[in-house]
Amino acid sequence: MYHHLKQLMYTVHIGVPDPRFGNMLLEQFGGANGELAAAMQYSVQGLNCDDPERKDLLMDIGTEELSHLEVVGTLARMHLKPLKSNRNAAFADPLIAVAGGGGVNLFNSMGNAWTADYLKITGELDVDLRNNIAAEARAKIVYERLIDFTDDSGTIDALQFLMTREITHMKAFTAALESLGKPAFSVGAIPPTPGLVDEYFNDSTGIGDRGEKDERGPWNEGGDWNMVTAPAFQELISAAAGTRMPDSQKGNGSTGPKGASKRRRD
Amino acid sequence: MYHHLKQLMYTVHIGVPDPRFGNMLLEQFGGANGELAAAMQYSVQGLNCDDPERKDLLMDIGTEELSHLEVVGTLARMHLKPLKSNRNAAFADPLIAVAGGGGVNLFNSMGNAWTADYLKITGELDVDLRNNIAAEARAKIVYERLIDFTDDSGTIDALQFLMTREITHMKAFTAALESLGKPAFSVGAIPPTPGLVDEYFNDSTGIGDRGEKDERGPWNEGGDWNMVTAPAFQELISAAAGTRMPDSQKGNGSTGPKGASKRRRD
Amino acid sequence: MYHHLKQLMYTVHIGVPDPRFGNMLLEQFGGANGELAAAMQYSVQGLNCDDPERKDLLMDIGTEELSHLEVVGTLARMHLKPLKSNRNAAFADPLIAVAGGGGVNLFNSMGNAWTADYLKITGELDVDLRNNIAAEARAKIVYERLIDFTDDSGTIDALQFLMTREITHMKAFTAALESLGKPAFSVGAIPPTPGLVDEYFNDSTGIGDRGEKDERGPWNEGGDWNMVTAPAFQELISAAAGTRMPDSQKGNGSTGPKGASKRRRD
Amino acid sequence: MYHHLKQLMYTVHIGVPDPRFGNMLLEQFGGANGELAAAMQYSVQGLNCDDPERKDLLMDIGTEELSHLEVVGTLARMHLKPLKSNRNAAFADPLIAVAGGGGVNLFNSMGNAWTADYLKITGELDVDLRNNIAAEARAKIVYERLIDFTDDSGTIDALQFLMTREITHMKAFTAALESLGKPAFSVGAIPPTPGLVDEYFNDSTGIGDRGEKDERGPWNEGGDWNMVTAPAFQELISAAAGTRMPDSQKGNGSTGPKGASKRRRD
Amino acid sequence: MYHHLKQLMYTVHIGVPDPRFGNMLLEQFGGANGELAAAMQYSVQGLNCDDPERKDLLMDIGTEELSHLEVVGTLARMHLKPLKSNRNAAFADPLIAVAGGGGVNLFNSMGNAWTADYLKITGELDVDLRNNIAAEARAKIVYERLIDFTDDSGTIDALQFLMTREITHMKAFTAALESLGKPAFSVGAIPPTPGLVDEYFNDSTGIGDRGEKDERGPWNEGGDWNMVTAPAFQELISAAAGTRMPDSQKGNGSTGPKGASKRRRD
Amino acid sequence: MYHHLKQLMYTVHIGVPDPRFGNMLLEQFGGANGELAAAMQYSVQGLNCDDPERKDLLMDIGTEELSHLEVVGTLARMHLKPLKSNRNAAFADPLIAVAGGGGVNLFNSMGNAWTADYLKITGELDVDLRNNIAAEARAKIVYERLIDFTDDSGTIDALQFLMTREITHMKAFTAALESLGKPAFSVGAIPPTPGLVDEYFNDSTGIGDRGEKDERGPWNEGGDWNMVTAPAFQELISAAAGTRMPDSQKGNGSTGPKGASKRRRD
């Protein structure tokens, strides 16, 4: 059950309204990474959650995001006020000016209606926590960019508050994920195929127009990594030569790990 | 520049086609967490990426996901073949039967057209890598669930291959993120407000119908955490008592950290 | 600022879960006339509202709808529980079973993601109140239909509670509209063109395959109504006769009210 | 069966084309409250309608809206003509300029494709008539706002014609609703729960940053209204005091009407 | 200006209603290739068209499609009637049963709302006529498939009528395109690059799992065709050999037509 | 299986970046007629195709379009670079600036997310080839219009390359369609109703405001054409005269071909 308090979570003051910035702010009101997306993602995850401890966490933060939605909507509306009287501003934002009478709606900065397609809800707690960590990182960087596009101190203060809270949430979700105590890269119950899971497929090769080339790093060398030179590559060479590779060389070719040999049966 | 090899990355064999399962498989073809979403998310991130090393990683995996799209589409089509002649199957999947002639399309299992709203692309490399780690976790759990809904061994083999590769990618993206060497919870350039960033807002309180109650864990106690009893809470008590709180107690009430006291100016 | 209480606004008990009914319930969770649509429509109208009295009304009811969303989501989840283990149920709801792990999401009964395109928000208070009256009427009839499709008494009780509240809201919005004291059919500031406003255009004529024919009622006769026999009609007759009508008979033909004569200038 | 007459329902003349205004006009062509939405909403309702009298009404007005669609599309196209040659205009409307070759399409002013999600069609005649009354009110206010954003007299004349017709339709739909002779707030067949239906839940309380406070009016006092101080409120107080309320005080607390006491069973 | 005649363009009779088939029929009501799509595509093209002769054609057929929409909607509604009383039918079509009260709406067979994204409108007459020819071919095959999924003779008669008219329209649009007298493959005003336009890029090579191989036909041999062995191919071979190709062999390799040599500048 | 080569299919050089043009270019990246739409339409058709020869064609061109997607995305990104630092540019493209960090995403020029609703895939080979011919014609004209909106020679070179390739594909698809050897206007297996198929319904009549009138051409006269004066027309005349037509004259009236007489049974 929800209750609303008329006071905003963060009191908003602005100087001269800037309708272009107000429109930009809508990214965090009805946009893909905005506050409604956050509020709904966490609250619906919480509704589905069978883990009582992390369910509480999801409801706490989901509810806070509703309060953020109200703050950012109030801020956007203040900046969009001139749309009611200023023709140039209205022509730049015709949907808000004509259909919305100058008020905000759950659209992003390009007038796209908010959609639940933005949400990432899987019903698998550790996966959902990862979705949330990523969501908070996105929200943080969007607030930071918004701060860079305004000079209004009152606006910056409010955005700084909201931005900070995203890091708070990111910390909380990370702690909640770690406290589950799952082994690294363990998702669900079915283990990946040994061998195959350590093969790195080099599927993009050659030299780019700007000198791009194959790169190595901890994501494809060292540890258990087994580099597989482009799977499609040897086929092409063989095809060019008018021959087919022997079956034993298919797929991952000569690297032949157990996972690879197991996975192709002609 | 792309090249296509007619051989599938994983050769697909199935037993008796199961159109209901074929339809379910479309989640990984044209669904929110499916292979097109993965292919496009990584490839477009790669196109935008200024870090030559991780750009190569994004292109490698983005390209591999295109090959996965082909495998899962081929598998779905095999299972959906009966739609061409079987009325009951067709009535259960009318869009595929009547508009698609029994073939697959970039829809999910409910006939929703694939949309780029599924993608999480921010142009901030560490954030995008987090998006990708979460995306791979989602894809993994969806493949696992699909495996649980079929008994066909050929189908299971193919899904096991695809599922394994998602863990491979999750490992690679995690290594790429760690290799950036960024401090924990550091996203972008603007630091969060000290103090405020450590406040946990307890925004969901009380006792639930099934005994749910406030919970504590490493996400809200220990370390730097500062628990703030529901921000809206004290207002309500005051309102009930017919009084307003003194200004100094507003917001986070008596906890009064610097961040909190700074963020509200009446 | 929002606060969440763990107790539901209406405690939900169900007997044997019925996943087909659970899916149907999603119409009121993430559907076009459902609780999220109501919550968002009123809350965003409230955020935009400059009339302090009716703003309070909009926030009161917008907040209550959030609590309803939680109730109906909880109810749906209870009915959908068998999706986790029952293959037939899962094949009927593949999106929920495979992508959602058996949990609810902000989709309607056909798996369409909720969209803000459902909302009717104009920033004109009397118009928004009419939007809300219509929205409550829709929600009421949908709850009634849902009640007709289940025999579970606990489910019926919860739906009866929710359905009743929609009538409560319909009454409140109607009183709020009437209390504005606007003359009938007065919307905005520009008056309609006299004369023209009273013309009823009979644009559908003839005898239908099932005997449909032109009908009269208080919507086109009596009062100030001026019936205009199909505007396009006389042209056709003239064209058939190889002649053009005199200009004076164009448009609304011989009825020639001031509004009509003014509106066409050749 | 439909027939088209080449003459517009209202002959359109404009002065100097204004592409920015032409774009704005698209709100009434392919927008959420525009003429296609009106035409489709009423025509499909008419197709479904079993009441022969009001079915005729729905078909009459549904058909007239098709003629309006043609008028507003013609008007928009005239204003958008410069897009074919003027680069600045084209960059402001790239979708129309590049994909549409300067012609109109069924998009709104922000390039969002028209969607049937805009429609409100329930198959319940009185509810649909309420939907239509609200739709006409929306269309009226949008035309009025458009008139405010142009100085071109020919354009204003056409918009005044279209705006007037919306009031005509609003009158007709209202008369049709009233002529059904249904009691006030009677929707469908299942009555609301007595007592509960008269409870007003005060779910938004406190003092806002701009002095917003709880308000009273005919929507929550007088008549049968029974004001319920925030349902979630007393729980919070109890929680703060470390006690749970007695069961008898739950929900609506001491107001205890029959409806309320019936609706919660712990 | 439009007029509606109550008589259907084709009188519809059905035997026993079949709700599953009624749902399937919605593909031609609110589906991607259905009658609303056809009506809107041609009518909006007509509204934009500057060629008076083909504008008339577009309006004629656009209007006829509106009449078809009414026929197919009436047919679907007849088949969907049992949804009002039959629970099994309702559970299979919950959106229609619960939100629509058993009536049709502008959705396809999977409940997806019709969207103007289905339309192909370019404002280039010859291109639009090609769009229409393709649209009519799609509509024809969908009607044929629908006929294959029913045994009801009245339904088949109506579908045969509608299907036949699509071929009529296909003939008319083809004649209209040919009468423009444009040279083959001439679209717009800018000629393609000579040489390059005749190069066929063999971008999919190798031997497939089911024996798929490179194929030749009039689409890549004979006439002016110049077969280019996979552009990416030679790079791969070079890369494998640890060498880069000489610049002169890049892109299309040794075939070196003027178009190809011109298009790459390092 | 796919492979990616780091070199672009066409090396891209631009002069001064033009963000407005960069935004416009997105029509061919994530727009309705853009390269992703082409790549997906042909590749999915190919995946479904049972004709080995034309399947190869579909895969060849589908793969080439992926390479085009990369070229046009690279070009757009170059032009959009100033969004990162220039506020005016950012305010004009807020979605790209704030959510995308200046990078491209699969949106069109108005920020609409790419959707598979753009695709035309029927599983009927001749119909799909017609869809593809129309798609290539659309892509060609969009590239031509883009060329008209820029003066940058490097950009024009790249667009000329891409535009030329669309004509190449149009030629190839046309040859593939013709090589099927199907009779003209033969789609699928069920023949249209003789007689009826040759009737042209003149459904738009009269004299327009700008002198539009009924037109004749090879699409409605000559050959087998049988002109039917507006089907709804004679009814109207009869209705006006207060009489109903004899049954024998209904529908197509006196023209009475077999198809017509067969199709109406009262």
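A, B, C, D, E and F are the chain letters, set down in written order, and residue numbers restart from 1 in every chain.
Keep in mind that, in the parts below, contacts are C-beta pairs under 8 Å (C-beta built on N, C-alpha and C of every residue); 3 or more make two chains touch, one makes a residue touch a chain.
Here the structure is a predicted model, which is why all the values come from computation and not from measurement.
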Steps needed, at minimum, to go from subunit B to subunit E via contacts: 1
Which of B-C and B-F has more C-beta contact pairs: B-F
Over-half contact-pair match to B-E, picked out of the listed pairs A-C, C-E or B-F: C-E
Centre distance in Å when subunit E and subunit F are each reduced to the mean of their C-alpha atoms: 8
Separation of subunit D from subunit E, taking each centre as the mean of its C-alpha atoms, in whole Å: 33
Multi-chain contact sites of subunit F, meaning residues that touch two or more partners: 1-9, 11, 32-33, 59-60, 62-63, 67, 99, 101, 107, 110-113, 115, 117, 122, 124, 141-142, 203-207, 209, 212-213, 230-233, 235-236, 266
Complex contact set, residues of subunit A against subunit C: 1-9, 30, 36, 40, 44-45, 47-48, 59-60, 62-63, 66-67, 70, 73-74, 77, 99-107, 113-117, 119, 121-124
Residue ranges of subunit E in contact with subunit F within the complex: 3, 5, 7, 9-11, 13, 32-33, 52-57, 59-64, 67, 115, 117-118, 120, 122, 124, 126-127, 130-131, 133-134, 137-138, 140-142, 144, 147, 157, 160-161, 163-165, 167-168, 170-176, 178-179, 184-185, 187-190, 192-193, 196-204, 212-215, 217-220, 231-232, 235-236, 250-251, 259, 263-266
Of subunit E, residues touching subunit C in the complex: 1-8, 11-12, 87, 90-91, 94-95, 97-99, 101, 110-113
Complex contact set, residues of subunit A against subunit F: 20-21, 23-24, 27, 31-33, 108-112, 141-142, 145-146, 149, 203-209, 212-213, 230-233, 235-236
